[in-house]
Structure formats: C-alpha cells, structure tokens
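Both of the next two complexes hold chain A, though its partner changes from chain B to chain C.
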Partner chain A sequence: MQGSSRLVLAHFWAAFAVFAVMIPLGAWQMLVRSPLHRWIDPELYYRAVTAHGTSLAYIFPTLVAMGFGYAVCAVSLGRPMHGSRLAWVSFWLVIGGAAIAITTVAAGKATVLYTFYPPLLGSPFYYLGVLIAVIGSWVWVGLMVSHFRLWKRDYPDLPVPLAMFATTAGALLWAWTSLGVGAEIVFLILPNAFGWTDTIDPGLARLLFSWTLHAIVYFWLIPSYIGFYVLLPQAAGGRLYSDKMGRIAFLQLLIFSMPIGIHHLFADPQIGAGFKFLHAVFTGMVAVPTLLTIFTICASLEIAGRLRGGRGLFGWIAALPWDRPFVLASALSLLMLGIGGASGLINMSYALNSTVHNTQWVTGHFHLIYGGAIVIMYFAIAYELWPRLTGRPLALPKLVRLQLWTWFGGMLIATLPWHLVGVMGQPRRMAYYNYADPALAPQAIWVSISALGGFVLVVSAMLLVGVLIASHSGPSAAIPPLRFSLAINPPRRLPWSLNSLGVWTALMIALTVANYGYPLAQFLFFDSARVPTYSRQAP
Partner chain B sequence: MVDQPDIAERRWAYVVAGVVFFVFAVIVYNGVHWAAQPPSNVETIDAGRLHLAGEFVETNLGTEVVPDGSVVVRVIAEQYAFVPACIVVPAETKVVFRVTSPDVVHGFLISGTNVNSMVVPGFIAEVRTRFDRPGDHLMPCQEYCSVGHQGMWARVKVLDPVEFARSYSGQQRASCAG
Partner chain C sequence: MTIRDQQPSRDSRFAVWIGTTVALFFVGVLIGFVWLPSAQQNAEGLDLWSAICRAIGLPTVSARASAPLAAQPASTVAWTTATRRRLAQGNAVRGAALATTCNNCHGENGISTDAAFPNLTGQSADAIYKQIEDYRSGKRNPAVMGVFVSPLSEQDIFDVVAHFASLPNPFAGGSGKTGSADTAARNLIEVGDPQRGIAPCAACHGPLGLTPGAPGLRGQQRAYLEQELQAFAAGNRRNDIREQMRVIARQLTSAEIAMIAAHYSSIANSSER
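After this line comes the complex of A and B, so read on.
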C-alpha cells in the first residue's frame, strides 16, 4: 500500500488492542450494576467507566480514523505518502498520551469520568494524557491537509478523489471541534489541577465540552461513511450511484456537525431557551447528509443486485453477495443506524428531551449508534484492509460472519432494554441500584437482559481479534491491490465548490461562532459563576 | 432509473426536506401547545454563600405555598443528598422547583414526569410543572457527582390538594423528610 502498510497496521492493531481490553471492562460494568451481581465498591465502578469512556471515545476511534486516513491517502491518491516520520511521531503521541491517561485512571487518581465534570478534579496527568493524545491527532490533521493540497497543486484540473476529499473534511472537522475540549483542559482544568488557581466556572466548562461533544461523533462516523461510499459498492459488485452526492453529504457533515452541541445542554440552567432551540434546529439539519447517504448507498446496492441478476421490486436484495463481510456489515450498520437515529430524534427534540435526559436511554442510544452502527463498519474496514496490509488472505470467513452477527445481536440485546429502563426513569452512571425498592423492581429483568447482551459483545470482540491474528499469521498469497469503487459517471471536472474545502471550513467556523458566540460571551458578565474545585485526593 | 439519476435524487431531496420539516413542525407544535420548554432561566447565585443568607438558607428549603395558591419548592442538591430528601407537593397545582448546588454539578429528574434538569453550582435551575394525580415518585440525582452518586435519591410525595392543605398548610416550609 504505497509503503504505508506498517503505519496503517500499527494504528489498527493499537486501536483493536485498546478495544479488546475495554469491551470486557464495559461488560463487567453492565454486570455489576445489574441485579445479577452484589454491590461493589462504587469507586471501582466509576474508575472503570472513566477508563472505558476515555479509551473508547478518545483513543480507539481516533486511531482508526488516523490509520484509515493514511490508507485512503495511499490508495486514492495512488502515490507514496510524504511525512511518514511525522506520522509515526503522531502515532506515538497518541499512544503515549493514552498510556499516561489510562495509567492515571487505573491508579484511581482521576475518577472523574471521561466527560471530566469540573468542579470535580483529578490528577493533572489524566488531563495531560488526553491533551497529548489530541495533539498527536492534530499532526495527522496537518498531514491529511497537506496531502490534499499537494495533490490539488499537482493535478489542478482533476477532482480530488472522493475518499480523500471526505477524509480531509473529517480531519478539518476534528481539528476545529477538538479545540473545545482542548480549551477546557488548558484554560479551566489544568490551572486548577496543578494548584495554581482554586476556582472554576462549571457552566463555561460544560459549554466548552459541548463544543467537542457532538461533532466528535461525526469524526467517528466519517470513516464508516467513507466505507459506504468507496468500499461497499465494489464489495457488492456494483458501482457508486453518485460521486457528487457523496461530496455534498460530506460537506454538510462538515458544516452542520458543529453548531449543534448545545443539544447536550438542553437541561442546563446556564443556557437560554433561544440558543437551545437554534441548536435543535441545526441538529435536525445534520440528519440531511445521513438521509442522502442512505439513498445513495441503497441505490448503489440496487445496481449491484441487478447486475448480479436480481429482478423485481425486492429481488435485487436477495441477489446481493451477503457472504462478503463488507456487504453484511453495511446492512447491519444501516439497521442499527435506523433504530439509533429514531431514538436520537427524541434526544434532539427541544422539549421531548426532558423525558429521557441523563437516563439510561441516552447511554443506550449512543452505544447503539456509535458502538453499533459506526464500530461495526470499523470491523468491516479492517477485514477489507487486512489482506492488503499483511499480504495474507482473510482467514476463517465463517467466523468473520459470525463475528458481525454476534456484534449486531449483542448490541441489540444490550441497548434495546437499556433504552427501555431509561424511559422507566433509571438515571445513568450509577454504580448500583436498589432493585428491592418496589419502584425500581420492574427494571430489574431488563437490566439483567441488557447485561447478557454485554457478554455477547465480549464474545464478538474476541472473535474479531482472533480472526485478525489468524489472518496476520497465515500463509502469504498474491492479493490484488485495494481499489475504491468508481461512480457510474465518474466526474471528469467538478465545480470548485465540490472540489475544495476552504470556503466550507470558513462556513463551519462562521456557523460555530454564530451559534456559540453569545452563549460563551455571556460568561464575561456573570459575577458569581465561579466555584471552588473538588478533589478526592489531597493536593 | 439508472440512466436518470438526477430525477431520482431530486425526488429524494424533496422527501428529505419533507421529513426534516415535519420533525421541526412536531417540535414547535409540542413546545408551543404543551408549553414544554427546557429549564433555561439563566439565573446566577453565589454557591459559596448559600447557607449564610438568601433564598437557599436551611429554614427556607422545602415547599412554600405562595399567595396565588401555587407552590414553590426550594431544594439544595449536594454530595450526596437532596435537602429536603422527601418533598411534598399538592396535585393539580402549579409547582415551581428551584434547585441549586453548593459543591459540584448534580441533576434531578422525577420518575414518571417530564421534570428533568441539571443543577450547576453558581446557577439556579428552575422547573415548572403540575402533577395530575396523587402518588409517590423517585427523584434521583441524574449526573455523576463523584463516588457517592449512586446513593443520591430523594422522594416526591404528591398529595390530594385537600389533604396537602390539612396536613401541611400550617407549616411555613413543608417537607415529609424527618
């Protein structure tokens, strides 16, 4: 892969190593808070939640996005990458930052959950670790932007390949959205964690975190969507329905992902109703690129199905090659995206949100969308890349399909009851619940079922790692190089608006400023919003 | 169909616009018709001096019947309890919850209702509601507030208005805790 195989493999292996440790830890949390287990020391539970969230929200998807970004860069531009030394520096920064942060959490020095929650305060090493990992990922952003620009300079008349266009859009989105959490750590938390100051503005900290908290999900999502556009049509034996529509979808993700983060703060007292409503409206807009993507993907699959001899209104579905991991994973992903999207509609609804805010519904929702719909595509991408990276065919194809089905089944068993107990009023993030209380007793059976789903997911995660190890150590073979799907009508020339990102990035920044400017500026005028910090350890 | 991608895409774009517009219409209708607004009063208070003077001193916590017949419930959310821990309110009456925190971020929800708000130190969270019928509800803290979070539960007792008046109207600030 243009000499980038080791780099890409390192990212994917590191990501799946983190994953293999943290999925069992998640299942353990579901077990110990369920009625199937006695109550445990609550601090251990929250410590585990902090480790699970930090690893799987900040480290795992970032490594996948970075590794896949390098693969896209090599395959779609079709020439060797430059700056591979910088890429390794970036990799080790992410790994080093992750190691510092997770070690600090494991030692019990930062049981603050991955969302930080000041005025709670943990050891400065935890926040520094996260910050170093984020800075490492910014080096990757620089590399993606630089490859994008150099390629455009060398081929000014050609369209930038769709996969590279989307990867660079995702990198720019990440650079901008990670500034929120970066500013929260640097300006609010670290001065307190080091003991230089002893008060903090929790309302402002929550607002800055919301800057990152929603668009980060689209940063996680973009590699999966790139897979839909450039790997799925090919795997299904067809062509991409529309290259232009893909660009429009990714551009919409770029501009609409940012000005919506306050929908996480609908129930917060420090934000006025007007900006909450505005963010709800933009959250509705961000559904548009997903709906466009679903159309393009289904149309591409229909083409593939009909090319394979499928007839009639639905016959093309049966004619698709369901034994191919990428096709199967994409369909399961779209099903989970549909259910999770429906539950997300409740969350984003300005008023209806208060029926579910901070209940288990929310945890059920994001596990289904992220852990289900997005992460199953990370598996599919790994299965697609592995033979090209290792020079060995994918081993154990039956286990691959079993792995995808168990992830899908386990995720539904875990998250559907999880949603349900949320509607029944169970708050999220508690180490245990008193199911002997008659008001909570009806939730017990559903929580137990959900915990069993967690163990199905552990089996699936182990299958994934097993298949990847077996494939990596199998016999070598001649593997055809990876090619991305062609569109039915590949664009020969594109209007500049669909072939560049500068103006769209400026629009993203302008919309963010419009939607965050006043809510941020109001903190200049509050006179009593700063409060003392709270740390469990003596400083 | 394959040879006319533009027409199919345009039709789908209309469908998408219709879906998004419908969602907005439902949100706006619900917000206006049910007067369902998230708690957004943006009111600050000095979290370090709650116990010394002002609205949230201990003697002022609990349920107050105000002259127009509605009630105001003032609550402190702190690690790891609500004060008062058992709240009593009349049914079929306008109820205003005013909640704040002296330490870290908390939250509260009342099971089986739409009452749900964050409690951020430095700010007063205000939620207006009305309980249709008598009954008991749980009121857990819904935001992680450090390692005792799982123990932070209060109860809300909704009484028939006549019974509420008989049992509690003589008290300046009512609660069922104790």
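After this line comes the complex of A and C, so read on.
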C-alpha cells in the first residue's frame, strides 16, 4: 500500500483496541440500569457512560476515518504519501489526547457524560485531552487536502479519484464542524475549568456544541459510504453504476451536514422557533444524498448479480456472493440504515420531535445508525484492508460471517426495544428506573431484552478482535493489491463542479453563517445569561 | 464522459445548484419566520413584525414587561457572581478561630455529638452561608442561632463558611447502601413519588444533581433531619427559596420522614469516621 501499511494498521489497531474495551462497558451499562440488576451508585454509571461515549464517539471513528483516509490516499492516487512523519505526529496526538481524557474520566474527575453541556463541568484535563485529539485530527485534514491539491496540480486534466474526492470532502467537513466544540472548549469551558472565569453561558455552549454534534455523524458516515461506492461493487463482482452520482452525494453531504445542528436544540427555549424550522428543512435535505447512495448501490449490486447469472426481478439478489464479508456487511448496513434513517426522520421533524425528545428513542436511534449501519462497515473495511496491510489472508471466514451476523442481530435486539421504551416515555441518561412502579412495569421486559442484545454485541466484538489477531499472526501469502471499483463509464474528464471542492466548501460555510449567524450573535451580544458551573462531585 | 469546459465560470452546475440551495434557504426563511409565526392561533393581534421578531428569538416588548413583586422572598440570598466571589475569598484559618463558639454545639470537626444539632462537615460553602444569612435576616427562625450569628461581620461569615467547607467530608465516599434500591426510603430519595408530586431528594441534594445552596444530607443527624422536615411540613420553616421543601414535606407521612432521616443518618454509620 505504497509504504503506508504500518500507518494504516496502527490507526485500525488503536481504534479496535479502544472498541474492544468500551463495548463491554456499554453492555454493562445496559445491564445495570435494566431490571436484571440491582441499582448501583449512579456516579459509577455516569462515569461509564462518559468513558463509553468519549471513546466511541470521538476517538474510535476518528482513528478509523484517519486510517482509512491514508489507505484511500495511497491506493486511489497510486503513489507514495508525503508527510508521513506528520501523520505519525497526528496519530500520537490523537492517542495521547484520548489517554489524557479517558484517564481523567476513569479517575472520576470528569463525570460529565460525553456531551459538553455546562453548567455541568469536569476537570480541565478531560477537555484538554479531547482538544488535543481533535487537533491531531486537524493534521490529518491538512494532509488529505494537501494530497488532493498536489494531485490536481500534477494531473489537471484527470478526475480526482472518487474515493479521494470523498475523503477530502469528509476532511473539510470535519475541519469546519469541529470548530464548534473547539471554540466551546477554548473560549468557554477551559477558562472556567481552570478557574479564570466564575460563570459560563450555557446557551452559547449548547449552540456551539450543536455546531459539531450533527455534522460529526456525517464525518463518521463518510468512510462507510466510500466503502459502498469503491469497495462494494468490486467485492460483489460488478462495477459502480455511476461515479458522478457518488460525487453528487458526497458534495451534498458536505453542504447539507453543517447548517442543521439546531435540530438537537428543538426544546431549547433560547433559540428562536424560526431557526429551528430552518434547520429542520436542511436536515431533511440530508436524506437526499442517502437516497441517492442507496439507489446507486442497489443498481451496482444488480449489475453484479446479473453478471453472475441472476435472472428475473429479484433473481440477481440470490446470485450475489453473500459469502464475501463486504457484500454481507453492506446489505446488513443498508437494512440498519433504513430503520435508523426512518427513526432519524422522526427526530428531525420539528413537530414529531417533541414526543421523543430526550427519551431512550434518541439513544436507540443513534446506536442503530452509528453503532449499527456505520460501524459494521468499519468492520467490513477492516476485513478488506487486513490482508493488504498484513500480507496474510483473512483467517476464519466462517467466524467473519458469524461476527457480522451477530453484530446485526445484537444491534437490532438492543436498539428496537430501546426505541420502543422511548416511545413509552422512558427518559435517557438515567442510572436506574423503578420498574416496581406500575407506570414503568410494562417497560421492564423490553429493557431486559435490550440488555441481552448488548451482550450479543460483546460476543460479536470479541469475534472481530479474534479474527483480526488470528489474521495478523497467520502465515504470509501472496495477496493481490487493493483496487477500487471502476464505474461502468469511468469518467475521463469531469466538469469543474464535480472535480473540485473549493466552491462547495465556500457554500457550506456561507450556509452555516446564514443558519447559525443570528443565534450566535444573539448569545454574544444581546441575550447572554451567565451562570456558575458545578461538577458532579457527591456532597 | 463528455466534458464541455473546465472553466468554473462556464460550468452551469454551479449556478443551478447554488441557486437551488439559496432558493431553498429563502423558502425556509419565509415559512419559518413569516408564515408559521403569523399563522399560529395564539398570535392573534400580533403584528407581522412582532411575529418575525419572536421567530428570530428577539425578545418582544410585551415579554420584557414584568409583573410587580408583591410577595416577600423566602430568602435574601441570591446566587450572584458577586456572592460566589466573596464565598471563594473566605479565609478558612481565620474562620477556624471564629468557629470555636460553633464547635460547642456542632462538634469539634463539624460532627455534632447532640442529635438535635446538625453536622456542619460535608456541607458546601453555599449551604452554610445560606443558613447563616437566613438566620441573620430572620428568614429562618433565629430563636437559637440568632444570638450567635448577629455579631458576625460579613467577612467573619465568609471566613467561618470557608472553615467548615474545608473540613474533610467523612460521608463523601460511595452512596451508603448501594444496591438496596428495594427499601422504601431509598425509593423516595432516588426516585421520589411523581403521583404525589414528590421529587427525589437526590435530584437537588446529590448525587443525581446539585442545586446551589442545597445542603448535603449524607450522614446528617437523624433527629435534626426529622425535626426540620416536620417544620417544613407544618410551615414553621419557610426559607426554601421556591417553596419546594414545604411542598414535598407536606406530602410525606411522618413514617416516611422518619425513614428518610434514618436512611441518611445511616450512611454515617456505615462509613469510617
């Protein structure tokens, strides 16, 4: 892989190491707040939630996106990467920042959950750790943009390969969206956590956090979508239906992911209702690139199925090579994306949101769409990359399929009842519920089933790590190099609009300013309400 | 693939897509800021400009007008930035010297030996300050405490508060009988009873949440807790700022009050002193 194998492997191993520790912690949380367990000290529960969320929302996907970004850069551009020393610096910044943050949480000094919502505040080292990790990822953003530009300079008449185009779009999106939480930490939280200010504006902090909170999901999602476009058609034995459609989808994700974060603040009394509506409209637009992707991927799979001899309306589905991990994972991912997307449309609808706001529905939703649809593609990408990175074939193919099936099954068992109890009114983020209360008793069975799903996921996570270790330590073999799928009509030249990101990034920034400008100004200039902070230290 | 031109100025997709996005933005603005606010029923009599201001989040003139205050506040303490700054500047060493009088009843290390007098260790500076101020202003019955707190200067109070807040808290570790959720007392403390409007004690007094000025209850003297809850229930004690303690205590039976007091005081017994 053009000399980048060690770099990519380090990112993936670090990501899966974090994953292997934090998944059992998540299952434990589901258990202790279910009727299957006695109540525990809420401090321990919240500490565990903080560690689980911080690791799996900030560290794990960032490492996967970075590692996969380097792989895409090397494979799609077909030449060695420059700046690998910087890439290692960036890697160690993310690891170091994560270590600082998680140690602080483990010591009980930052039990703030993984969202940064003052006036609840933890130790400054927690926030510093997260900030260092984010700064590390910005180095990666710089490297991706620089490779994109250099390649365009060297080959001005050729289309930038789709995978690199999408990776750079994801990097630019991350750079811009992470500024929200970065500004919140630097300007509001750290001065207070270090004791330089004695009050904080929670409304402004929430708004800045919402700047990051939604587009970060699309930063997590983009590696999975890249997998759909450039790895799946080839794994299925076919070709990509349309290269241009992929570019349009990634451009729409870049533009529409940002000006929508206020849909997390629908219940916030400090934000004007007009802005909430406007953000809901643009959130609806994000469904468009997802639908385009589902269409293109299904069309590509149909091509593969028919090339493999499938006939009739649905015969091509049976003809697909379901024993290949990437094909199986993609189908399971699309199923979870369908259900999770539908529940997401309910969350983002201004009117329907009020019925599920702050209930377990929301946690069920983001576990299904992120932990399910997105993360299962991270597994598939790892299985696809592993032989190329280690020079050894993927071991235990049956266990690989079992791992994917158990992740899918476990995630549905965990999240569908989770959604249901949300609709039944169970609030999220509580350490315990009194199921002896007749009003809550009907939820008990569903919460118990959901907790069992959590343990299926633990088994699946252990299978994943087992397969990756076994593959890494197996005998060497000649492995064909990784290639990305070709489109049916590979573009030889592309119009400027589908081969450049500058204007689209400017449009994303302009839309963000239009949709966030006044609410920000409102907090900064007219409506500041500063309050003292507190930490969750027991009295 | 066909390609007509590489020049951005000649690529019509830019104009079409940016135009569509801008049009979408303006349609959203029109619906969100003009049509929806003005079409709402409760906006009758609201002129268009006020409706737009409200949708944007600009406070309107009518919202700014506040009703005149008729009632007397339950306490004169307010958690302003100035109060917090003064609290942070208390001198604990000087406070320790002043506290010798307090120690006669509240105990050497802030742990009282008489169950009728509360422990002062394990309390936040906020909580102690609020009670001293309320005794001084008469918002809490000053029959016993008045004579001790009235000679204190402002600075004396902040110093005494700093002293007691700096004492080591023997009740901080753990939450007592972890796992004993099935006791009725813990159920009231950690879940409350929504049907009777009883919020869980732990939501303000910790560890679930913390309200500024709410005292810590872990390890507190049983007789003192019982007597104060009874006083809130009977309306003899009225220095809870939003009347929440009076509302809750009125709903509790005497048996429940005794149970809660016993539970909190038992946390002291189960921890090392």
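One rule holds for everything that comes next: the second predicted complex is superposed on the first by the 531 of 539 C-alpha atoms of A that agree within 3 Å, B and C clash if a C-alpha of one lies under 4 Å from a C-alpha of the other, contacts with A are read in each partner's own complex, and residues count from 1 in each chain.
Assume contacts are C-beta pairs under 8 Å (C-beta built on N, C-alpha and C of every residue); 3 or more make two chains touch, one makes a residue touch a chain.
What you are looking at is a predicted structure, and each value in this text was computed from that prediction instead of being measured.
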item	value
Chain C versus chain B, contacts on chain A by residue	B
Touched partner set for A:511, first chain B, second chain C, both or neither	second
Partner chain(s) touched by A:138 [first = chain B, second = chain C, both, neither]	neither
Touched partner set for A:88, first chain B, second chain C, both or neither	neither
Partner chain in contact with A:534 - chain B first, chain C second, else both or neither	both
Which of chain B and chain C A:267 touches, first, second, both or neither	first
Partner chain(s) touched by A:117 [first = chain B, second = chain C, both, neither]	first
Which superposed partner A:432 touches (first chain B, second chain C, both, neither)	both
Partner chain in contact with A:291 - chain B first, chain C second, else both or neither	first
Which superposed partner A:455 touches (first chain B, second chain C, both, neither)	neither
Common interface positions of chain A, toward chain B and toward chain C	42-43, 270-273, 276-277, 281, 285, 431-432, 437, 439, 489, 522, 526-527, 530, 532, 534, 536
Complex contacts: residues of chain C adjacent to chain A	1, 3-8, 11, 13-14, 17-18, 21, 24-25, 27-29, 31-33, 36-37, 52, 54-59, 79, 81, 84-85, 88, 122-124, 169, 172, 174-175, 178-182, 186-187, 190-191, 194, 202, 205-208, 210, 212, 215-218
For the chain B and chain A complex, residues of the former touching the latter	2, 5, 8-9, 12-13, 15-16, 19-20, 23-24, 26-27, 30-31, 34, 36-48, 79, 103-105, 107, 109, 111-112, 114-126, 136, 138, 140-150
Chain A residues touching chain C - in the complex, by the definition given at the top	38-43, 156-157, 198-199, 244, 255, 270-278, 281-282, 285, 431-432, 434, 436-437, 439, 489-498, 500, 503, 507, 511, 514, 518-519, 522, 526-527, 530, 532, 534, 536-539
Complex contact set, residues of chain A against chain B	42-43, 46, 111, 113, 115, 117, 119-120, 201-203, 206, 241-242, 245, 265-273, 276-277, 280-281, 284-285, 287-288, 291-292, 295, 299, 303, 345, 349-355, 357-359, 424-425, 427-433, 437, 439-440, 488-489, 522, 526-532, 534, 536
